[in-house]
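Some structures are shown below for you to check.
Both of the next two complexes hold chain A, though its partner changes from chain B to chain C.
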Partner chain A sequence: MKDGVKFLEEGALEGLLRRLSERARVWVPVEATPGVVLWRPWREGEKVRLDRQGTEPPKHVLFPRSETLLRIYEKEELKIEEVMPQGPSVIFGARPCDVRGFEVFDQVFGEEDPYYSVRRRETTILTVLCTEPERTCFCTTVGGGPLEEKGSDVTLLWIEGGWLAQAVTERGEEVLRDEAFVEASREQIEKGEQRKEAVKLDPVVDLSGIPEKFLESFTSDFWRRVTAKCISCGACTFLCPTCYCFNITDERTPEGAERLRSWDACMFYHYTLEASGHNPRPTKAERYRNRIGHKFSYHPSNYGTYGCTGCGRCIKYCPVGMDVREILRELKEYAEG
Partner chain B sequence: MIDRLREAVREKLQELDLVIGYGEGYDPLHATPVFIQKPEEVDRLIWNPLCVHNLATYLYELRGKRVGVVVKGCDSRSVLQLLNEGLIKREEIYIFGIPCDGVIDLRKVAQKVDIYRVKEVSWQKDAFTAKTDRGEVSLGLEEVLQDKCRGCPYPTPVIHDFLAKDPVKPKGEGEGLLEQVSELEELSPQERLAYWRKELERCIRCYACRNACPLCVCQDFCAAEARDPHWIPLRDRVKEKWMWQMLHVLHLAGRCTGCGECERACPMGIPLLRIRAKVNKELKELFDYEAGVKEGVRPPLLTYQVSEPKIEERQW
Partner chain C sequence: MSRNPFLPYIATVKEVIEETPNIKTLRVVIDDPSEREAFRFEPGQVAQLSVFGVGEATFVINSPPTRTEYLQFSVMKVGEVTTKIHELRPGDKVGVRGPLGNWFPYEGMKGKDILFIGGGIGMAPLRTLLLFMLDNRSDYGHITLLYGARSPRDLCYKEELKEWEGREDIELVLTVDREFPGWEGRVGLVPNVLKELAPSPEGKVAITCGPPIMIRFTLQALAELGFADDQIVTTLERRMKCGIGLCGRCNIGGRYVCKDGPVFTLAQLKELPPEL
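== the complex of A and B ==
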């Protein structure tokens, strides 16, 4: 571990969040209802759940479920007003897999998307490293890791009584200047090292050749077979840290109208319904195939990394237990057999 | 019991295109629907209190095929309701019924043990033990059953071609769900409004509730997602989420059998079954009607009588 390792005592967390909230909107994971951990702007007295992966990733902080792009007023004269994101944000308690999701967004939205890039530039990310991966976790299969610090500004590692904190970026160093962070002792640093060494998460499937194998399977009945139990809802896509598809609609307001950008999902029929009435992905088999193809073939071909961070939420929250790991294994067998 | 079921499925499979049953899921706490087409796949079938899914959900999509389906008592009501509404054909389906002692609510289990770290599960008579790296937790089945199972009036399938074991006697009159409803009925309208605002605010409109619902047959053509006309704005506000959920409930009034798949499927933990249980209770009081319990009955909102015995006409 490098020099300058700090320690954040559990009891100092609230004060830190309060001070951060004075300068930015601070998003923290809270248990909104038993068993469901969601991101909420921090409020005084809010109990922050940093001990488990959130039900949802913090993707909506950078890519809201629905955002107003522009407003149209038509009362007296026609006026169009651009609406841009306002103010800095802090994501406190992301997981490495959540943060990798933003890397995928960067590749796609980049600087060209003004709404995304403004938010991205003004967001500070403090990440809790994972010392106890869950059974649905497979980040190491897709090139990530439970202790990955890339993409974060600060990493936090739980040891007894608090977290070891380390800055990854200059912005992170700034955060660590807060009084809540004190110098970590030699014992604490050693304990951190031991915890890190104990983390084990083996890859569950060898993905080499998958982008090509997927293309070979494209027109086969493989997809009909493996999607038999899929009910084609959007739980997997909406809870995915890398799914970024959206729809643009004009909606009425009392003053006129507004143009919205809202999440959409390739699992939905309307997503590819064309104006002619033709739908190139008429059933769940084509739609699910697209989801896998996008993450494990098209995205790697276009950007060189998988469009999946291995967070496992699509497995955990699927109402019928679809398991992407199993499908990748079967795809490999199918293509090889 | 599972041997009897497997044997029956193996035998019937020759006449059927496929049989939908339950198999092992991705971890010891999850079962998953399996689609059996070949005799050698029959041994994948399992039965235990983790077999929560209502497999009748797949029947409408598979119409035109000869489908065998494994159902619990509650699931069988969905099959009967689909038949009563003429949405599936009796001759196209074969019903493997399982008299059921109740299934598990994993959300309740999650309050006692970290369900995504469970490595092993072993079953005892009225309990089970879940093993994690940190130790073992034993849970009585009674404390983690789904609410719909408490006082279940129809534990034995109401319609079936085969029963895997002896019928199970009714456990009550649906007390589990009725208690949920009366809890809410005791609240003032303002409190109830606040309750539902708080719950529905979490909705992400992923439509898992709709797609898991065996009676939601519109699916791809659902009004909620229609883009032309665009009925519900895509704004991320409670108002729109509320609108969607009420649309769902009202389109199911008199059709919902209370299987609770909507609530189980919801990744946001919204107590969706409560709304349906309330509507179902009203329907029972008003029309003396329950969906999916009697053959050949028409849902009251799909028909019309000049005078309803329990609705007082206004005196004009």
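== the complex of A and C ==
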């Protein structure tokens, strides 16, 4: 099992990224402004931040914030052109929770969405395993783990001076053939094992029965109470590695029009507003209930896994301090009581 | 490779019919003959109709699959896209994306008496199934249509209503909300007229579509008359975008109206969280 463990020295990282960039668009986490780590295409001299969870997940690499689906030409004969994604990508430095987000996308979009599936097939993912989970992390609560390798092509584990690298897929093995990866020594491998053993992240709430309890709470005032401070800003959805809701709109162009797909959010009033004026989710209580229901009841019953990866960004970055862990705990107590 | 589900067929508007002051019916034909031939649908399925540069909106295909010379959509002018659709003229190009969703369970209705209960624009999906049943008349028992609108001029498909009135094999009951000069049909809200008619639930299926408030009271009235939940079929509307269960917005619990619906029995709806 320990065969094939490689070592990537910190100083060899830049050369590796340079070589990868010759063949693909390489997305790396960089400190865009102090304290804010965002994903950017790698450029010479870019300082890559692999030592902490990104402020945003790399979701937009496979599911852009806005993309052109169709180009419509109306000048002469009406013509519609499909605008399919082009070229391979590398996501360098994802976290296991980010990668699990793509698993949810695979379940929902799968092969049915040609734009997503083209990108998915052409994307290589190198994941930094988490040795120091943050206080907002709760991946083990929802079936993941800080050392989870599933879904990645290569895992990277920080030890002194660099990372232990291990291929998970054939595509990953190919990446490890780069000269930057050298055989890891027995001491390095042992150090890696020790680091892994030291990682501790206990589940914060027992979710058994939550999907059913959610449905029991559906019409109660529970949701009005727990969402009193929510401001429906949607930050939780945009930073969520599994939120995939989108809108489709047309924009005029000189040649005719473009049909765009853009991120949308179930936290917004207009998301479900019908032209007649009717809105099935008119207040934030119904909207937040839908978000929790989707991730912890509907998605599990449709696909067998939670629609949440426990990355904790919705807790860390909520401007009014909503905490999904607390709400799940309260929901459990409420339904039990 | 299968067809991109976001790619519409290009179609041409052949005819525009003014149904009511705010409802128009469009008859469209898909331009490409092989695409037109491949476009197969079932009664009750919907499609996304697009005006390029403005956007898409979802409508039931209200011509039945037994009549293939055009696809018919009836559109109430309420929003941005529907306003543009109302400006379309014969010869204009539109996009048609579909067919989407499920359909009326007409196989299970064979041999039964059929009670259609429609209100306003809600007559559109009922029209599809009614015409389909008329084209397969011997498969079904007695057919009753109770159709209401605010006023006589708000009734859709007036020519067809006239024709159906003359037919022996349909019982037609029309109603409007209040008295109007020259109106010879019933006066009263659809659920109230339904109670007056008091149809027996035996051997019947009730299929209803209309504004949410009408549906609510119609379901109550049907329950009072003794209809079981699996004898009642309705077709729902929700704001939709993708039409294939991906974009998220039309869910009721874990089901998507665009993909798992729009047709549900009341028994199926009662298994879902109450979020209509």
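Assume the second predicted complex is superposed on the first by the 336 of 337 C-alpha atoms of A that agree within 3 Å, B and C clash if a C-alpha of one lies under 4 Å from a C-alpha of the other, contacts with A are read in each partner's own complex, and residues count from 1 in each chain.
The rule is short, and it goes like this: contacts are C-beta pairs under 8 Å (C-beta built on N, C-alpha and C of every residue); 3 or more make two chains touch, one makes a residue touch a chain.
Predicted model only: the values in this text are computed from it and were never measured.
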Partner chain(s) touched by A:Val108 [first = chain B, second = chain C, both, neither]: second
Determine, under the contact definition given at the top, whether A:Ile72 touches first (chain B), second (chain C), both, or neither. second
Touch check for A:Asn247: first (chain B), second (chain C), both, or neither? both
Go through the superposed model and pick first if A:Thr33 touches only chain B, second if only chain C, both, or neither. first
Between chain B (first) and chain C (second), which, if any, makes contact with A:Tyr317: first, second, both or neither? first
Applying the document's definition of touch, where does A:Ala257 land relative to chain B and chain C: first, second, both, or neither? second
Would you check which partner chain A:Tyr334 touches, where first means chain B only, second means chain C only, and both and neither mean what they say? neither
Once the two structures are fitted together, what part of chain A is touched by chain B and by chain C alike? 247, 249, 251-252, 273
Parts of chain B lying in touch with chain A, wherever the complex brings them together: 25-27, 30-35, 53, 57-58, 107, 110-111, 114, 116-119, 199, 202, 204-208, 210-212, 219-221, 225-227, 230, 233-236, 261, 264-265, 267-269
Okay, in this complex, where on chain A does chain C touch? 69-70, 72, 74, 78, 80, 82, 108-109, 112-115, 215, 218-219, 244-252, 256-257, 259, 261, 264, 266, 271-276, 278, 280-281, 286, 290, 293-294, 297-299, 301-302
Which bits of chain A are touching chain B when the two form their complex? 32-36, 38, 52, 55-56, 64-66, 132, 134-136, 228-229, 231-235, 237-239, 247, 249, 251-252, 260, 262, 265, 268-270, 273, 312, 315-317, 319-321, 323, 325-326
If you look only at chain C, which of its residues touch chain A in the complex? 1, 4-8, 10, 50, 52-57, 78-79, 82, 93, 95, 211-212, 237-239, 241-242, 244, 246-254, 273-276
